[in-house]
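Following are the structures in question.
Each of the next two complexes has chain A plus one more chain, namely chain B in the first and chain C in the second.
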Partner chain A sequence: MTKSIYDQLNASGTVAKQRTVDTFSGDQIDFTQWSTSGDFGFNLANNDSSEFYNGGGVILKWYNANPVAGREGVLAYDNKRQFSPTNFVWIMNCKWTGTRTSGVSRFGIKRYSDGTFNGGGVAGATLGSDNAKISAYTTNETGGQISVVASTIDVDNVYHNYKGARSGSAYTLLIDGVTSVTETNGYLPVNASQPFLYCYNNDTTHHSLNCNYLEVYNT
Partner chain B sequence: MAYKQHFVEWFSGKSLPSYWTLTQIVATCTATMADSVDGGMLFQTDSGSGSPSAFLSFDDKCQYNPSGFGFISVCKKGSDNNIGIKGGIGSDDGTANPAAAVFMVEGTLATYRTLQTRNGGSETETATTTAVSQTEFAYKLEGTGSAANLSLNGVLSATTGSNLSTTKCQPLLYIQSRSTAAVKNYNVRYLECYNT
Partner chain C sequence: MAFPSVYEMFTPLTTVRKQHFWEYFSGATLNSRWTQQGSGTPSMVNEVDEGFQFISTGGDSYMAFNNIRPFSPTASVFIVEAKRTASNGLRTGLRGNNGTSNTQVAYVNEWSSNSNLVLRTGDASSDSDATSTSLVPNTNWNLYKIECTSSKINLSVNGVLDIEKTSNRPTIGLQPFVGGYNSTSRFKYCEAYNT
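Our next item is the complex of A and B:
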């Protein structure tokens, strides 16, 4: 008997809330779904050849041999904001590659896909120059107040499973299903949000962010 | 067991994926991603005369068997007046009444949420006891070969054995305005269709 995906995800009688899933597979990114903005010199490719055997997914990486310091780029949903800032779960499998001086990558959900990164609320994770440890990264709605709360895990260059969740006032980041970080400063978004992946160049050396699974849903 | 055709649409992201076709029955309608929490896809008529109406379809690529299928959707409509919506499977997207179809019908097309089956030029409408409303809801259509069933929010609400077609079908979403005074809205945030 064929089971519906809906019935596997939801209890009987449930009216399911918004969800999105992307496995970043295929010959190219689906630009009917994703938008780019910022100083987007970042190369975007599904299944980058260097990652062929371990599921590279999408890779955000400066497009040529000469990264430019101070440049940033966001991959998002072109301000189609269907996710609650207070009752959501996001799940992403990501790998950061680089040294901490080279830049920073962040991912999760945020208010705006355009403008400067810090405009609008963010609920995500950060890898790179923000902190030596994998950290939860949140901002309030103006983006003027930023909270970086470190886990006990060093930033490294391997894949981890990240899960950000908020129910009411608490935002928690779960790393590989074990290590948990709770945002404690109260700098959290209040407006509807969209998924995002982000890179910022601190200097002229390469860093990159791979993502081979993304899921966001309202709870 | 061989895996059969199965399709899932979350209706999230920047825009409607390119595999959907918007077919105007009476111009002009639009289908865009909503910029709102849980908004999904916004299917919208204009306020013109002549009952603006349209189908979202797979451009008549028919991979689903009305004798053995499931179709699940989560939706809501924006008004109770002068709007009709349908969701389900059908054989063609060029007419408001496809030759073969199994639909959930809501709005001023029906007083109660209704199961509609179509076979050739004939049609059977089987009403549930759930009145039409603007409340979001989940519905499931099933075709077993001997019956078509409509469940609302997990409860079997209508069934019929009449006008069951065997003609191959595609997922279809339909909106119709019956007013020249206002734009009509139909939000859909989930659609799943599969053969059983």
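Our next item is the complex of A and C:
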């Protein structure tokens, strides 16, 4: 029996590259690790309904009773960028809640933690108004060129497992370990990045993003 | 190397994992995920192979998730490494509420003056104890495992199944807690997950 997590993840004698894991469990987000920017409230889900047994985690949502169109918010690492833009894996369990046209949620890794999203350098996934299908979402470094490549899975309101990975020139999004989509436009980040979760309001209706697991590591 | 990711240690990518939390009680301060309930003094222990210490005063007191309750009362596991270093009670397990009520709980009550270890559980209105037939209270490190299933709650101690309890089982979402009753307790590992 291997006694260390290190040995489970790394070949003998190998110096491990940076990795972060968050199960989003407990009283609150560890704000010594995460930073918030923008207009969304960030809370740990406290679901007493039956669905919580498979859920829990962090939920990003508009904290006001009256959502405002055009508002957005980011949960990230306060611009502490420890992850390679070209050799990385991120894994997240996320659930989108709301009407698809009411807004958009994106997650993965990006360059900037600012509330204004289009700060460049994104390699993630998008749920909501970007596309009717769960899609890979990437931008080039300035954020001026955006690539949304759709999978075959409709955006829905249930948890999925997402894995974004890049090794060299190709960025691939894997959904539930089976369905994959590869970014084909070449709009990809070039600078060091940090994990992020993001929401944007298109209109005045509520939508939210749940996440109950996050892992990012360099490869 | 056995796994590419921590995720895949426990769950294949084809499965959306259920909530799974663990805590090593290591570092300068306790992670902010924990919130104190009741009177007491929490601290990190600056000794080899130690973790977190909680001195409980004024009766029941503990560290928990402030009523953030992601764990199922009928399909979850709680594991903790704990020891009591003073008289009175070490108490640790799962509970559905803050405060000192014994409703909606499933926890180990390791009381210095009792003859045997106790598993205490409570439903929405009543609680009751099941007593070990063999394990006596002690001040050693012990590994406790509480399994909540749809038909019973099991307590294993140091890898051996000790108590199976079917009465007065919790019915709402649960949070982990570590603490005691007018005692001093130490913890160096805690894990909880839905099954």
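By definition in this document, the second predicted complex is superposed on the first by the 203 of 219 C-alpha atoms of A that agree within 3 Å, B and C clash if a C-alpha of one lies under 4 Å from a C-alpha of the other, contacts with A are read in each partner's own complex, and residues count from 1 in each chain.
We take it that contacts are C-beta pairs under 8 Å (C-beta built on N, C-alpha and C of every residue); 3 or more make two chains touch, one makes a residue touch a chain.
A quick note: this is a predicted structure, and the numbers were derived from the prediction, not measured.
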| item | value |
| --- | --- |
| Chain C versus chain B on the shared chain A, clash or fit after superposition | clash |
| Partner chain(s) touched by A:Ile5 [first = chain B, second = chain C, both, neither] | both |
| First, second, both or neither for A:Asn161, with chain B first and chain C second | second |
| In the superposition, chain B vs chain C on chain A residues touched | C |
| Which of chain B and chain C A:Thr32 touches, first, second, both or neither | both |
| Touched partner set for A:Gly177, first chain B, second chain C, both or neither | second |
| Touching partner for A:Asn79 - first (chain B), second (chain C), both, neither | first |
| Which of chain B and chain C A:Ala136 touches, first, second, both or neither | neither |
| Which of chain B and chain C A:Val21 touches, first, second, both or neither | both |
| Of the stretches 39-47, 57-65, 93-101 or 129-137 belonging to chain C, the one that collides with chain B | 39-47 |
| Where chain A meets both chain C and chain B, residue numbers | 2, 5, 7, 12, 14, 19, 21, 30-32 |
| Contacting residues of chain A [partner chain B, same complex] | 1-2, 4-7, 12-21, 30-35, 77-84, 192, 216, 218 |
| Residue ranges of chain B touching chain A (in the complex, touch as defined) | 4, 6, 8, 10, 12-18, 33-40, 70, 72, 74, 136-138, 140, 153-155, 189-190, 192, 194-196 |
| Of chain A, residues touching chain C in the complex | 2, 5, 7-12, 14, 19, 21, 23, 25-28, 30-32, 44-48, 52-57, 89, 91, 93, 159-161, 163, 174, 176-178, 212-213, 215, 217 |
| Complex interface listing, chain C residues touching chain A | 1-7, 9, 12-22, 31-35, 64-72, 75-76, 172-173, 192, 194 |
